[in-house]
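Two complexes are shown next, each including chain A; its partner changes from chain B in the first to chain C in the second.
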Partner chain A sequence: MVIHMLLELKDINAGYGDLHILWDVSLGIERGEIVSLLGSNGAGKTTTLRAISGLIRPFSGSIYFNREDITGYPIHRRVEMGLSLVPEGRQLFPEMNIVENLEMGAYTKRAEENFQDALEWVFNLFPKLKERKKQLAGTMSGGEQQMLAIARGLMNRPEILMMDEPSMGLAPKLVLEIFNTIMKLREEGVTIFLVEQNAKAALDISDRAYIIETGRITLHGPAKELLSMDEVRKAYLGI
Partner chain B sequence: MKITIKWITMAILLILALILPLFANEFIISVFVQAYFWAFLALSWDVIGGYGGQFSLGHAAFVGIGAYTSTILLESYGISPWMGMWAAGILAGIAGAFIGITSLRLRGPFFALATIAFAELVRLLLLYFKNVTRGPLGMLITQTGPQNMIFEQQSYYYYLMLASMITGVIFLKWFENSKFGIGLVALREDEEAAESVGINVYKTKIIGATISAFLTGIGGTIYAQWLHYVRPDVLVKLDYSTQIAAIDIVGGASSPYGGVIGSLILVPLSLYLNSIFGGMIAGLSLILYGVVLLLVVVLLPSGIYEFLRRRISDIMAKKMEKGGGKTA
Partner chain C sequence: MFEFSAYVQILTSYTILGGVYGLTALGLSLIWGVMKAVNWAHGDTLMVGMYTAYWTVTLLGIDPYIAAIVAFLLLGLVGMGIHLIAIEPVIEKPGGHEATLLTTLGISVILESVALILWSPNPRSFQNVYKSTYLQFFGMRTSVAEAIAFTVSIVSIIAVDQLLKRVKFGKAIRAVSQNPIGARVVGINVPRIRLFTFGLGVALAGMAGALVATFYPNIRPLAGYIWDIASYVVVIFAGLGTIYGVIFAGIIIGITEGLGAIFLTNAYRHILVYIVFLLVLLLRPQGLFGKALRRV
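Entry: the complex of A and B
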């Protein structure tokens, strides 16, 4: 078996207790790509992310990161290696202000040394955050919180930034802003793994995409090809 | 300006605390000895209970372990409590790590219940191993002299407890800005978010519990020296465990001053109520004490310290505004 991608999942079976959710899920992400995982509610998108980030242990299968088998590694070790997760629902530290939240993002040894550089970098990407350094995260609007959550993930200088439904619950204009930011991040050299229900927006910016249905990968290919496929258009784009 | 006022206030309070034994009688001093002792325990509890948000109701177990360790070392092996207190802290710390490893995967009320059970276990073990602990009779401290941490006057205990408490405050001041302390606060706010930024949540909690228990164990040694005896049902009881938590919460959890304020109010209050109503109707003083606790928790949910801090910064802000208006 040849492992050559930055992140690779091989035949992952996972779930919660007796509940088997993911069935032989295999996928891969190359350095510098934006890859999306699309699917409807309950298809197994979040479970896949939780398996990659280490929040759950797969029943079987392996996860490789930089050719290293990380299947048994605890979460903090994966973050230390450069796998950052921007969790669903944003999950900031509400009683901490913007800078403190960003400091938390640089908790790892990997991030600690270059803290000032990273801070400058994310403030450049998100000038709004710089204006309100001392605002408590809990008092920010949904769009701003999402920006902060992404910025916090970036403080770790990740090799891969994994995002769980960054557009969830946001107004269309903000969704656009978030997706523009994701494109900008790719230009900065960040590899992105995007989990989305908003298939149209995700396919527009992705290089490749996987479609997951009831825990199985049913389709994958270049985003442009998927966009033009009839079954995808009907099922996910409503066209 | 604000900072200098703060330091001047602190300096005045410190001087008052230092000269108090010169004026006060033995009884008043002994009230303060107890207040400082409970403050030290509340500050120790704050590490895991306040900053870490892991609600322990078993801290009396660490007081007991600390008190018994140094007392057994002193009475059976002739080792001075000045040395024994470190052994006490370490043994209590190991117990804290043990309860952390076994119970900290539990969340919320389940962890609290596990700590209650743990304290009960410690009490039963102290009763069971009669040949070491002398069981329900307890142990009397017969050694004397300052080299054995036994003093003739209350004022020596007063300074000892005061020093412990101030050490506790300084430790928490440092701790709350340390990387470890910040990690503990983060996991209290949101465990999954803390994990996703790379904090080893489980390990951080266990170390927090260990530090908290270590400090509490040292407190246990000093308390035993003040009491001159140790007994399982005197030291390891649920009342004590809840008292430690209550003092910290009433005063203001996750702050270096909350435990001090809570203790300086609640300990004299409970002693006073006990002396006034204790002889009249059994339990009346406890009911009144409970009412006061309830009132504070309902009216000032974030604790007395936080309430005072906000009021003071409001007043300061208003003054600043007025001052600014005049010059403009």
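Entry: the complex of A and C
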């Protein structure tokens, strides 16, 4: 296999202890793309993100980032390379205020120097965060926390931003706002890997998508093609 | 009956003692309050700090305050060793924070046994000029050794508080304690931050032990207990997770102990401390300066 994409997974098997969740998962993301990973609950979406980000080590297979084999790298080294994750459940620092959470988002050396620029950038994307710099993350609403989680991920000036179900538990209006932000990010050159249960919304903004069922990739292709396929429409779009 | 000035003298002494309680509680506050690992060996690391001062002063003849720096550095290394043996292997496991109660109890037994074998159970103390020199102010007097311990206590507590609030490393300590997964996601090397946090907490305990040793006449292998219990009370009293609260909690407990000594006689002075402590737990379980728990 020729490694040429920004991020590539090759035959990843992963899970937790005796629990084998991902079976030979291979996928790739080009620079500048929005790529979605879709699937139902428990299909292995979050596990895929955990393996890429380094929160778990795969049993076998390889992960390449910028043509470098990062399979054995610890998570902090991957973040330093520009792989950022907006994790499931947001995982903010509840007793820190908005600015402190963003400072922590810029913890890496790659982010430290351009802290002020990055701060201005995310405040432009999320003006609400700017209005309440001193508010503690733990006292914010779900939608605001999601915005802060995305902003924190962006503070690292990532080459690729991975998002785990950013629309989960949010009101439809906020979901729209989050997806609009994702499109805006792509225009600014951020590569996006989006994991979603909200398949319609994700396919609408994606270039390509992968569909995962019980730990295996069963379909992939351009988002528009997937949107028109009967099996996708029945299983994931409820049409 | 005492004269009024005698009361003032007693309360002054106990205020200073309370400040020292704050110092002995500082390392524990960092490890337990901030890092949320239980260090049952906290008092024993204090005790090792006392012996470090004792031996470096009596054998090498160096100044006790240089000995305190030696104790800080030595116990920092010991602390990182304890962390690698007793904390890091269990802390991320389910129930890991509770497990540290048992693993550090093991460390505690080891430290006490080794100290008993090496140095016998006999209490020791060492002569130094700071202990036998007194400061007089407003008719009250205190030894220079205690006044220095009190001052170092306040300075160290402010320093650690500011470290956590303003320095990147300190903020990372808070981030790891508030959300380890979030900390890993932003690229913090979590095991390394924990190693240094625990090391710093034990280093502070070692320094506290060395400073207490300058005026405490009872350096012995089980000496840690008295200071250990005081430290736990101070940390809970202040509220888990607050550093600056430790200085006020320490002084309040010191003064309460002094009032107990005046009104209940010396032998029963601790009763008043624990009555106040229980009242605080009932009325304000998060401690005087702590915040109620919040989750994301």
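The rule we apply is simple: the second predicted complex is superposed on the first by the 239 of 239 C-alpha atoms of A that agree within 3 Å, B and C clash if a C-alpha of one lies under 4 Å from a C-alpha of the other, contacts with A are read in each partner's own complex, and residues count from 1 in each chain.
To be clear about the criterion, contacts are C-beta pairs under 8 Å (C-beta built on N, C-alpha and C of every residue); 3 or more make two chains touch, one makes a residue touch a chain.
Quick caveat: nothing in here was measured; it's all calculated off a predicted structure.
Enquirer: Evaluate whether chain B and chain C can sit on chain A together after superposition, giving fit or clash.
Expert: clash
Enquirer: Using the superposition on chain A described above, determine whether A:95 touches chain B (first), chain C (second), both, or neither.
Expert: both
Enquirer: In this superposed model, does chain C or chain B come into contact with more residues of chain A?
Expert: Looking at chain B versus chain C, the one contacting more residues of chain A is C.
Enquirer: Looking at the overlay, does A:74 come into contact with chain B only (first), chain C only (second), both, or neither?
Expert: So A:74 meets both chain B and chain C here.
Enquirer: According to the stated criteria, A:108 is in contact with first (chain B), second (chain C), both, or neither; which is it?
Expert: Both partners, chain B and chain C.
Enquirer: Looking at A:33 after the superposition, I want to know if it touches chain B, chain C, both of them or none. Which is it: first, second, both, neither?
Expert: Neither partner.
Enquirer: Under the stated touch criterion, which partner chain does A:53 make contact with: chain B (first), chain C (second), both, or neither?
Expert: both
Enquirer: With both complexes superposed on chain A, which partner does A:152 reach: first (chain B), second (chain C), both or neither?
Expert: Both partners, chain B and chain C.
Enquirer: Under the stated touch criterion, which partner chain does A:139 make contact with: chain B (first), chain C (second), both, or neither?
Expert: The answer is second: A:139 touches chain C but not chain B.
Enquirer: Need the overlap of the two footprints on chain A, from chain B and from chain C, as residue ranges.
Expert: Common to the two interfaces on chain A: residues 53, 55, 74-76, 79-80, 84-85, 87, 91-96, 103-105, 107-108, 152-153, 156.
Enquirer: Touching residues of chain C toward chain A in the complex: what are they?
Expert: 168, 171-172, 174-175, 178-179, 181-190, 241, 291, 294-296
Enquirer: Sort out for me which residues of chain A touch chain B in the complex.
Expert: 53, 55, 74-76, 79-80, 84-87, 91-96, 103-105, 107-108, 152-153, 156
Enquirer: Mind listing the chain A positions that touch chain C in their complex?
Expert: Per the stated touch rule, the residues are 53, 55, 74-76, 79-80, 84-85, 87, 89-96, 100, 103-105, 107-108, 136-139, 145, 152-153, 156.
Enquirer: Provide the residue numbers of chain B that touch chain A in the complex, in ascending order.
Expert: My answer: residues 179, 182-183, 185-186, 189-190, 192-200.
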